[in-house]
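The letters A, B, C and D name the chains in turn, as written, and every chain counts its residues from 1.
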Amino acid sequence: MITGLPGIGYVAKLSVDYLIKELNAELFGELYSKSFPSYVLIKKDGTVELLKNEFYYYKNEKMNNDLIIFTGNVQAISPEGQYEVSNEVLNMAEKYKVKKLFALAAYITHKTIKKVNVYGAATEQKLLEELKKYEISSMDAGSITGTNGLLFGLAKLRNIQSICLLSETPGYRTPSGQVLADVKSAQALLKVLSKIVNIKIDMEPLEKEVKLSEEFNRKIEELKRQEVEKMQKDITPPPKDIYA
Amino acid sequence: MITGLPGIGYVAKLSVDYLIKELNAELFGELYSKSFPSYVLIKKDGTVELLKNEFYYYKNEKMNNDLIIFTGNVQAISPEGQYEVSNEVLNMAEKYKVKKLFALAAYITHKTIKKVNVYGAATEQKLLEELKKYEISSMDAGSITGTNGLLFGLAKLRNIQSICLLSETPGYRTPSGQVLADVKSAQALLKVLSKIVNIKIDMEPLEKEVKLSEEFNRKIEELKRQEVEKMQKDITPPPKDIYA
Amino acid sequence: MITGLPGIGYVAKLSVDYLIKELNAELFGELYSKSFPSYVLIKKDGTVELLKNEFYYYKNEKMNNDLIIFTGNVQAISPEGQYEVSNEVLNMAEKYKVKKLFALAAYITHKTIKKVNVYGAATEQKLLEELKKYEISSMDAGSITGTNGLLFGLAKLRNIQSICLLSETPGYRTPSGQVLADVKSAQALLKVLSKIVNIKIDMEPLEKEVKLSEEFNRKIEELKRQEVEKMQKDITPPPKDIYA
Amino acid sequence: MITGLPGIGYVAKLSVDYLIKELNAELFGELYSKSFPSYVLIKKDGTVELLKNEFYYYKNEKMNNDLIIFTGNVQAISPEGQYEVSNEVLNMAEKYKVKKLFALAAYITHKTIKKVNVYGAATEQKLLEELKKYEISSMDAGSITGTNGLLFGLAKLRNIQSICLLSETPGYRTPSGQVLADVKSAQALLKVLSKIVNIKIDMEPLEKEVKLSEEFNRKIEELKRQEVEKMQKDITPPPKDIYA
């Protein structure tokens, strides 16, 4: 199983979306949660897009490693919600007898990146040894937040081997404070991932598809507007008479 | 089913309240939730008004399209609560075999509006085609927040056709930051809606009833006071000894 | 049933505590909730005091109107919790066949008060008529917040007659923003209440017991410290490396 | 049972960790909660560490007072979660017929401390009398927050005798606002505790292990980063078009 929800720089989400497209993976399950934010999106054609998480299936004809790919357009807001969603996804993983879970994530370096490094963390020491073959060095401190991190960590409690791959991203922000989708970081992540799971992915379209990030950035802005709107509701007039 | 809860500019709520009054629709159900804010309102005559949502019924004698109208004096606060209320309303819709759900909403343009436009979004492309007959153009981006948006979107998961009608509102705020009830926007929304659902509504009283908005604005202020009061509780003295 | 939890100026709580003491009412039930704040208090003798709500019973030997008095040292924090506690209290009210519920509350006037007025709100018009005998004028707008307000309003859904008595309080704050316990307001409330429920209470000790308010103010400060401590946790160092 | 979760100055947690190490106590239970924050930690060797609470067992061969030691790397965030975790721990205490619960905690004095005093609070007066033998004076006001305080207080509802030992800590903060782990305070707490529960602990390693605090401070920083990250998500661009 490969998981990638929207997070910092949209690195995990971009990687997984590209993977689904290139592998032509098939949607087989949807996950809705009342812990998601309470709004709906409008698509270009005027139809509605709900906030949801999705399970895709890729039948690997050549080898023995079929893939379930988990993604979505949103993460649960509250920590409780993130635990609940993670546990539902891991129920699915158990049901389909997933042997290894790869949780994709980003790692903000706060500096200019020339060559994007991908780091690893794992549920077991021996998995980290295997990663060295792919020139992935281990993290040695820090934390991994949100559903991406919980999926990785909670897999351990289900006795599912799990590896977290963290791709460097500079964490640049626009003057308005927004982190942009980092296609370069996603590309580096995909290169390493495709080697590890031994699947060929055509990287060329990705290089052209930097434009894809624009679509993403538009969606992020929408998400941000929600928060702004919420904040504006707090700009309230001075009180007059109050009862209690 | 037509839904309209208090939202931006009180456009949806104003429209639905007027519709209930003009059609003389009958109250047949009430919905209470512990996700509503924790206060009660006092009416002019000194009696109490609880926070609640309501279902009204209109028997259309001439035609085959009876209406259930859903409204209320409040929305649930938390996203979880908004999902819960939306699902309860859609349970009701399924129970009464609702064929189409019209979710009323507002659309802030942040500019002066000469002629109020009404935009549409829908669960299916073909519904948007039908809307063109009424000179309603489709939205092509954005999000619709709160219970009004969730009702529209979640209808899709129940296989109920749903249309969201969004009426332009300038989003003007008073110096104290408050958005005023926009009767003009509600009027435009009602004109279009009455054509689509093929029901005659006398628009004249509405034009006179601009005063109605004052009653609304008073209620909004009450709501705002709640938030201010909450904020004031946070104005706390400097700490002395703290144990933990 | 008479209810009074800590609220603005501690008016309701002061009134009810004095009533319990003067009537020598008997504790017969305790209510704990995980919606209460997560701390415990230390009493003067070093033993622990939990946050809780309490039910007291007063057997009126002379007349037919026994009293259940509901109070506590805290209100639930979240609106959800306040609804839950209110409903538990009303379950108790139904169990003991309570005929009338008097919810005590305060009413901030934001001005200097010479003679404290007590205002009324009710679940039925005819109850307000009765209140006129005691020179209580009706509220004609506004909202009543928290558990005190919900108990009053939700009683209506249980078909329990309910009256909310709101005593004026200036809402003065100390330089550090704290509202002080208002014994004068509580006194006015008690005078009216004792007439309505037809019970004699010796008011003299109350007049002496203005000092009682100091104990209260100490408790309020404790409560405020909790919030300050919470806020201080948010004073965090600048971020370094963040992963997600 | 001895309890000590991370709190002010990490005093309780440091004490309990040292105790587990010196007594070579055995891990026999883990407690996970969706009320914990939603992230995972990465250890030095690159493997994952979940947020969790733990139960350790120490079989006292010489005497009749076996110990259950409760600790963890995190507290639940919400008050609700803290009540839930506390009740689960007390279920465990009942299951293993715990006779006395010692809740360790810290007490911020906001002044320079020459000799660290340890104060006591208890569920019963007579327990405080016993504490006087160990030169522990009683608290006479204040509150004890979080799971450490709830465990102490809620024990009373289970009829488990409980003592809260609060060790002074200056509450110094770094320029960035962070409270440092206070090993000296933990040491004073341990000295008193070992006398009360009549267990010999070698204090020398602790004196050398001031370095241990550095490991702690690193972990605290991680925790703080989480909050900062959360705050940063709120730095949002100015709104454009908003619908509702």
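Heads up, the rule we're going with is that a residue touches a chain if its C-beta (ideal position, glycine included) is under 8 Å from a C-beta of that chain, and two chains touch if they have at least 3 such contacts.
Just so you know, these numbers come straight off a predicted model, no measurement behind them.
Enquirer: In terms of residue numbering, is the interface formed by subunit B and subunit C classified as same (over half shared) or different (under half shared)?
Expert: Homomeric contact, different residues on each side for the most part.
Enquirer: Which chain has its C-alpha centre farthest away from the C-alpha centre of subunit A?
Expert: So the chain farthest away from subunit A turns out to be C.
Enquirer: Could you tell me the distance, in whole angstrom, between the mean C-alpha positions of subunit B and subunit D?
Expert: 48
Enquirer: Would you kindly tell me how far, in whole Å, the mean C-alpha position of subunit B lies from that of subunit A?
Expert: Roughly 34 Å separates the two chain centres.
Enquirer: Mark out which residues of subunit A touch at least two other chains, giving numbers and ranges.
Expert: In subunit A, 139, 142-146, 149, 225, 229, 232, 240-242, 244 touch at least two other chains.
Enquirer: Okay, in this complex, where on subunit B does subunit C touch?
Expert: 32, 34-48, 50, 77, 81, 218, 222, 225-226, 229, 232-242, 244
Enquirer: Show me the residue ranges of subunit D that touch subunit C in the complex, using the header's touch definition.
Expert: Residues 79-80, 82-84, 87, 120-125, 128, 138-147, 149-150, 152-154, 156-157, 162, 164, 174, 176-178, 221, 224-225, 227-229, 231-232 of subunit D touch subunit C in their complex.
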